[in-house]
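Just so it is clear, A, B, C, D, E, F, G, H, I and J label the chains in written order, and each chain counts residues from 1 on its own.
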Amino acid sequence: MLFMVEMLVQIPDSVAPETAEQLKREEKAFSQKLQREGKWPHIWRVVGQYANVSIFDVASNDELHTLLGGLPLFPYMKISVTPLTQHPSAIAAD
Amino acid sequence: MLFMVEMLVQIPDSVAPETAEQLKREEKAFSQKLQREGKWPHIWRVVGQYANVSIFDVASNDELHTLLGGLPLFPYMKISVTPLTQHPSAIAAD
Amino acid sequence: MLFMVEMLVQIPDSVAPETAEQLKREEKAFSQKLQREGKWPHIWRVVGQYANVSIFDVASNDELHTLLGGLPLFPYMKISVTPLTQHPSAIAAD
Amino acid sequence: MLFMVEMLVQIPDSVAPETAEQLKREEKAFSQKLQREGKWPHIWRVVGQYANVSIFDVASNDELHTLLGGLPLFPYMKISVTPLTQHPSAIAAD
Amino acid sequence: MLFMVEMLVQIPDSVAPETAEQLKREEKAFSQKLQREGKWPHIWRVVGQYANVSIFDVASNDELHTLLGGLPLFPYMKISVTPLTQHPSAIAAD
Amino acid sequence: MLFMVEMLVQIPDSVAPETAEQLKREEKAFSQKLQREGKWPHIWRVVGQYANVSIFDVASNDELHTLLGGLPLFPYMKISVTPLTQHPSAIAAD
Amino acid sequence: MLFMVEMLVQIPDSVAPETAEQLKREEKAFSQKLQREGKWPHIWRVVGQYANVSIFDVASNDELHTLLGGLPLFPYMKISVTPLTQHPSAIAAD
Amino acid sequence: MLFMVEMLVQIPDSVAPETAEQLKREEKAFSQKLQREGKWPHIWRVVGQYANVSIFDVASNDELHTLLGGLPLFPYMKISVTPLTQHPSAIAAD
Amino acid sequence: MLFMVEMLVQIPDSVAPETAEQLKREEKAFSQKLQREGKWPHIWRVVGQYANVSIFDVASNDELHTLLGGLPLFPYMKISVTPLTQHPSAIAAD
Amino acid sequence: MLFMVEMLVQIPDSVAPETAEQLKREEKAFSQKLQREGKWPHIWRVVGQYANVSIFDVASNDELHTLLGGLPLFPYMKISVTPLTQHPSAIAAD
């Protein structure tokens, strides 16, 4: 089941730089683990912004919230979620 | 070169139903041709809306505008375009 | 799997009054069938508006889109969909 | 009398983490007390956000404001309130 | 129980002028009946707009929706409803 | 001459709690003085928000600005002002 | 008493061109009469738009609404009104 | 050449009160100098806000930016600029 | 003197197709004349939209309004105007 | 390949003034290097704002993101990107 997830990262000044770097390393590792498991099949950088557009493939809303809430940068992100479904013109199940 | 394209279709009352149906058939054929050519790798339906989220893979802004402007339903769509690029956490070139 | 669905109905002048009445009757029957099946457990009127707030309980995004797209008034509604999940403070699975 | 209440929690940096944790525990207890009393019949988590959608069932606007104003996290929430009423298509009084 | 109700009137071209005038006369009579009954204690014109700000005093959300839905111009109005309650600084119950 | 004034209070963290309490006491006294003088005939709490909807009755724009600018919490409020006038359907001069 | 009034003119297709021209002539005459009377001391065109920014000098909200409601193009304008007052840095009463 | 300039002042907590007072005195002197030179012919206070609506009369965009950028409070203002021109209904060149 | 002008074209159904085509031909000729005269140094198509971003180089606000108001498609465009000036980092006067 | 890039600079209080000055010097040098290389052909100041409108000419979305992400003030800017293409009325390839 597919969802478009848009994430905008805004780390406040009150987070120490080394903490921020550590969070980003953990975020990357977490993201890559989910990509390898097939739950996060696409992640793109939005040009000119510290933001991404992602596609998640999960079994349920619950699983999606658990994954997003577990992101190390979750407290510093604005996230919007758009449920997607198969398009009638699509030539392949996606 | 990747772009997210969001399309919202709003066919006005002044278009006769049979014309609308014909345009939709042409739109589908046009979309599927571009999908087969690899220029429109993803198209998803937004749940609850006559709208889609798509990914285009084109050589240039010019090519993207030519493709979008050629859509049979182009005069009846609100389109927004977001340039994308490789995300540093992505495990595969996409 | 739960979704909040907000529907705002805007039937244009070009729909004949008797057609509009027929669509509303069909909408009501369709809605009540889904309520009886447990797929549309809540529907509330928004005070002062020709709009509703609803909760849907479906197996997937696909099923939700099929249900919403099948609403007789679907062409005349603005719909927004918000995925929901269990709240950690909830005392009952809902 | 039913109201949809949407709450978005934004605890600022100036609140010490242990204070925040204490407030969240009190919030949970307060919410569950109201749920048990039937005044807060539904609370759902919005996927991907530190936010909830709730339904309150109260005797008056005054009672609703007293309950919301008494939430331990009230000073750190953006709250919107939508009055609801029975929908003519609903098969049950809700 | 008090509510602020903001109404913006937009009668489309498709309504014949004499029908519009008839609706306005009925609206005025309906409004004045509710004012005399004490259910619509205040109605003010917004300067420069075909709009009003009103205060309603009703027993419930249901009653408010019944009153608003019964307005002869209801199909041609954008309405927003804000629940109000006693302000702690108010010197009189209002 | 009537104005609707909407005030949203946002006291920042940098104001000490005892200062905030003192300002609120002064605000209340100032508001009640204006209410007794008939210049601030209505003040209502917006349900679920640290905000009010008020009606002011003043001789001029200048007087309104002087009153609002003199509110002890003025530096911490977002204020919007809507000029009102007699509504043609009103049964009483208000 | 001064007000900034912003007017955006949108004459719909359903108004016959000769009617529109007649309304514009009447609007111009009406505006110039008010300018000569000192009630409409400034009117400027917004560059690139069929819109104006105006300053009105009137005795009350009531008078302002009567003037604006009397504009021949009033039914086809979006109007916003901002109450103004003497600025403490102004070197002249304006 | 005329421009409407809207300025909203937001001095942050981090500016010491005496610094803020000094800046406001300098702002007033600077404004009055420009008013006397005829470059800032109108300045009005927006009722209920720490904001003004102004008219500037300058020789070029460059001059306007130089003047605005030179305001002592410039770093703490949100400014919007609207180019104006002679209105065809105006009875005087303004 | 430079201005950024953004134009979004929305030709309504009520304009006959041959009239629309004629207007577009006149628009193109008018635009190219201004480009050759140096008054409209840049015009770019916004990808995916019937819209353009343009730079105008004119002597005054008055001239800009005269040019824009003379566009054959002016009645069918939404136009926004942003005054520009030399940037301190620019290596060339532009 | 052309893009319009709009940048709004907002340096927070937490950046020391000398650091801010150093970043601005580096930003200017970086910008001028890209201008000389032809990748940043236009940069204009928006009148009345600490903001610019720029045109970038790059080989790809990737290159654009690399350039923008490398701006010394990137962490303190809100950036929006609009893909452009040749306009059919343009008299010169731009």
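One rule holds in what follows: a contact is a pair of C-beta atoms (placed from the backbone, for glycine too) under 8 Å apart; a residue touches a chain by one contact, two chains touch by 3 or more.
Quick caveat, the model's predicted, so the values are computed rather than measured.
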Fill in the blank from the handout: Matching the CA atoms of subunit B with those of subunit I requires turning by an angle in degrees, to the nearest 5, of 70
Handout entry: Interchain centroid distance [CA atoms averaged], subunit I/subunit J, Å
Key = 23
Exercise for the section: Between subunit A and subunit I, tell me the centre distance in angstrom, where each centre is the average of that chain's C-alpha atoms. Expected result: 40
Handout entry: Geometric centre distance via CA averages, subunit F-subunit D, whole Å
Key = 27
Handout entry: Shared-contact residues (touching 2 or more other chains) in subunit D
Key = 2, 45, 47-48, 61, 64-65, 81, 83-86
Handout entry: Which chain pairs touch, all of them
Key = A-B, A-C, A-D, A-J, B-C, B-I, B-J, C-D, C-E, D-E, D-F, E-F, E-G, F-G, F-H, G-H, G-I, H-I, H-J, I-J
Problem - subunit D-facing residues of subunit F, complex - result: 13, 45, 47-49
Handout entry: In the complex, subunit C residues that touch subunit D
Key = 2, 4, 27-28, 31-32, 35-36, 42-48, 52-53, 55, 82-92, 94
Practice task
Mind listing the subunit I positions that touch subunit H in their complex?
Solution key: 1-3, 60-62, 64-65, 81, 83-86
Fill in the blank from the handout: In the complex, the residues of subunit E that touch subunit C are 5, 12, 14, 61, 64-65, 68-69, 79-81
